[in-house]
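You will see two complexes here that share chain A, one where it goes with chain B and one where it goes with chain C.
Then we have the complex of A and B:
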């Protein structure tokens, strides 16, 4: 019997309209749909739609009479790009944005410089030490940012532990200024952010085959070379991902620049709050928040394009030479 | 003549025995110290007998500020709100996260890889942006000024964590046991209730604890969403920390910190530290 002799499809069951309906009903019964429903609801209703609403609000002007008592926070008849125009033309906001970016780069550099060796150290600890160290890191990650900031205040301020003990020892007369400046901001943000890359890199290192490095050593590689050729190269993508996360957090930094810094260290995030609550200008706050996201998206795109651009440059260099 | 097999293979090893470990360890210990110092200090200052931010010596520890914290009605109200919000967040995050994790671990559907990343997106949005967007939306739908408003915002970051913990937990639950129960005629819900849930109970506890601490310690979103009626411990600490840091703030910090330590300790006992990373 030859197959395909008859137009089987026409007679096959399950092609009629009734079956399609039944099929649709059956798909409604798919358990995964029901199981995902709360998650989809939460993310759509309280993450995606608010984000769109934020963008919408950033495209309006504040209400004309501000004395209405705060019942209306934007003027619905005033569709305008004024907020973005203000941000782009005001040199104050330009400074804020460039500060945010440069500060984030500095924080990322410092954090990764400290976190990578720390992760290697924790990875090589014995089991008990490793557990303790990881608990310290996780604890810092979970602790209230205000608690951390408070501790740093006690540590770094002019009457803080470091200054007062140095003064007691007679090493300094005047307190060293370690507060209300860039240094304090970087320290605070390092404490806040460093747990993330440490945990990511430790778990990447733990996932590696520990005999690889020994094998490289056995084949005659110097320790540093063995480490570079095995552990370093294999965890490179995790390290890159970690630095991206660090940069991401540093771009959104709020409490460090505000409490430990001075107006010169204020970031976009600080201005979002100021615009919204101090100036009571919700549309401007919304526009600044959107700008913060745009900075992030810009960064993401740059990172994705970078390898290709580099390859191009190398190719051009080769053909040129 | 000695048999050649007994001679060990000799490999020329160059250089020192191991990586230069000392500088790495110094940097690593420096970072760990930097992480620990603020925690220990804010804990110690809570026990100062003075009016100012002094670190007490062991002999002069005092409960004065801890007492003041627990007896002040404003802080009591704040603590009550904090715990209510944390409880609500925990409920939302655990139920939502567990259900989604079940869908991902026990069912097949298209685009799984992408969707599992989409769920994690809120974790990478700066808290200020999350706070601002929640503020404008909650104001629009009339949720602003309500404890639910805070809880739902906190759930945005607690749920992805619960989801990840539950996925890892469900991966470890033996599916054959579930299949056996189903084969013996249990309905899917009964299988979940009698087999999956008891076997994944430690994971559920841990994700509940995590959601609780995340909400308790969340600050930036609370700052945007809290109104005078819905102050939490964090939002009461904030203005005092900025303008007038007294030891009572340290007492509040210490209470939060101790709670966090206890909950983290229990969680690490339940699941092991490696699973918490």
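Then we have the complex of A and C:
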């Protein structure tokens, strides 16, 4: 019986690492579990197996350039950690990876900064306005990603609407450079990603009892404090979950950096493409992709363990041990 | 700050679009009084309570607490305790944290918070449950946490929105007594909303009966029960027969009324004239039933009687409700206490129906 252990629920499923294997095995007997089968099959066939194959490929060298035919991705007689060695020793790759993570952090920050207040507003709209607002949010996702990005490029370019309008108004003489830079990448990725956290946070807020905030106000909390003490705290895990999704998405950014950015904003995803198709070095591309995944997993584990580690540190500090 | 306050409502009106939630509601509530807002759902009682609490703004009218106009004051500055119908306990906070919330908002020192907490926990008999979360409590316990949370900061006024509605019957009966005792012990002016007439009769100092956003009548439970100001009030509380009829004769001792063929006497009133239309309210428990073959007791003067057939019998445990069809006239509800030696009646049986003339409460129909 898990009932009554409320704080457990504060952590979204999947963010906790530890779970009781025994309970999981027992639940296999439940017939509705078979509903999972199609998805498990799909992920096994098209994600897990290719991923394993990717890892395997990253542990070989590229085929010799003079070998005939381009059909082979790697040299099967060359088991080696060379690719990882290259990534670890070449500062070029270090720059790419750190750019990817820093850029993703920046994008996450900007997206959440925009999405959170937006979600609160939508949540407070009347029913009809809420439906309209959510439709608008989803609408951006109905546009083709490439079309959307090129549209932004047109908008932000030197002869784009923004620059030409500002020039006509006489506010600026020379066009402001708003593309082929970090700004443009962040704008593009924000437009692409922002709808997801908005939807997640709105649905989390909708699940809250609206009288809680009123009760908090009645007990003497001014409006913002009342919101913080109830809705904010109660949807914190959903917000955190949304940030993870945003970060993960930003980490895999490809179109934004490629179309809107310059080589300084290129991410691992862009580099994987370069390695595989420009340099025809599939093992290197695979190793880069695997490194990216490992870093992300490592980061998630660290973030997940952080509260517990901090708590322990505080406890140790208190007892003076 | 005094813990006793009076509340004055002046012409409070709330309009939602085209609907009127509360209409021109004026009432003075005495310090320490336990006032009930009673009415059917949609009567505007919860809206009025929320206006008093500051959760909604009135379209017009003012609310004064202790002589101070609080109409424009936001919720968090009103210092009013409120228990919501669903209790609105913070699920992520323990019992202690829930109760201490208001004290924390007021930046009270920790030692004082602990004192107040212990005091109020004892008052509502929740000591020992401080560390539980709301979900780990029973309905009655949750209700008491909500109550403790609403009074711990010593508000000038306590508002209760159907706090007993979500409890099962047995617990509700216990909580009625406890709540009333607690209210008197704390001495806090309290306004409670309910649609349960029994609850209001048993607990209230005064009842304000609302109908379609308006105040129908305000008075003590006995006043409301015995001297309803309108047929609506009479019919709302208890089992009441409401008969519409025409006055056919007037004498010094009685007026004769005919209602759908049934003729009976009502006490004389100066406004009642021959040919006028009246509404007569007769409490269901004021009737007597006797078998036809039983020798009809010599009726005392001032009693009405007729023959009627029993159409339906509803056994209620402590009492039985009969629906009777007189030879002529409308269906009559009769409520009889169940006693050990009583005569049992059956459906379809013809009986003598009698009631004292003075038990009738009469209203002259104005302009209808």
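By our rule, the second predicted complex is superposed on the first by the 269 of 321 C-alpha atoms of A that agree within 3 Å, B and C clash if a C-alpha of one lies under 4 Å from a C-alpha of the other, contacts with A are read in each partner's own complex, and residues count from 1 in each chain.
Assume contacts are C-beta pairs under 8 Å (C-beta built on N, C-alpha and C of every residue); 3 or more make two chains touch, one makes a residue touch a chain.
Keep in mind that what you see is a predicted model, and the values were worked out from it rather than measured.
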Which of chain B and chain C A:312 touches, first, second, both or neither: neither
Chain B or chain C, by number of chain A residues touched: B
First (chain B), second (chain C), both or neither touched by A:211: second
Touching partner for A:220 - first (chain B), second (chain C), both, neither: both
First, second, both or neither for A:142, with chain B first and chain C second: first
First, second, both or neither for A:230, with chain B first and chain C second: second
Residues of chain A contacting chain B in one complex and chain C in the other: 217-220, 222-223
Chain B-touching residues of chain A, taken from the complex the two chains share: 30-33, 35-39, 42-43, 46-47, 49-51, 53-54, 57, 73, 113-115, 117-122, 124, 130-131, 133-140, 142-155, 157, 159, 161, 187, 190-191, 194-195, 198-199, 202-203, 206, 217-220, 222-224, 227, 245, 248-249, 251-252, 254-255, 258-259, 269, 272-273, 276, 282, 285-286, 289, 292-293, 296
Residue ranges of chain A touching chain C (in the complex, touch as defined): 3-4, 6-7, 10, 209, 211-212, 214-223, 225-226, 229-230, 233-234
Residues of chain C touching chain A in the complex: 53-55, 74-82, 84, 86, 88, 90-92, 101-102, 105-106, 133-136, 149, 153
Residues of chain B touching chain A in the complex: 11-21, 23-25, 27-32, 34-42, 45, 52-53, 55, 92, 95-97, 99-100, 102-103, 107-109, 118-119, 121-122, 124-129, 132-140, 152-153, 155-156, 159, 163, 188, 210, 213-214, 216-217, 219-220, 223-224, 234, 237-238, 241-242, 245, 249-250, 253, 256-257, 260-261, 264-265, 268, 273-274, 276-277
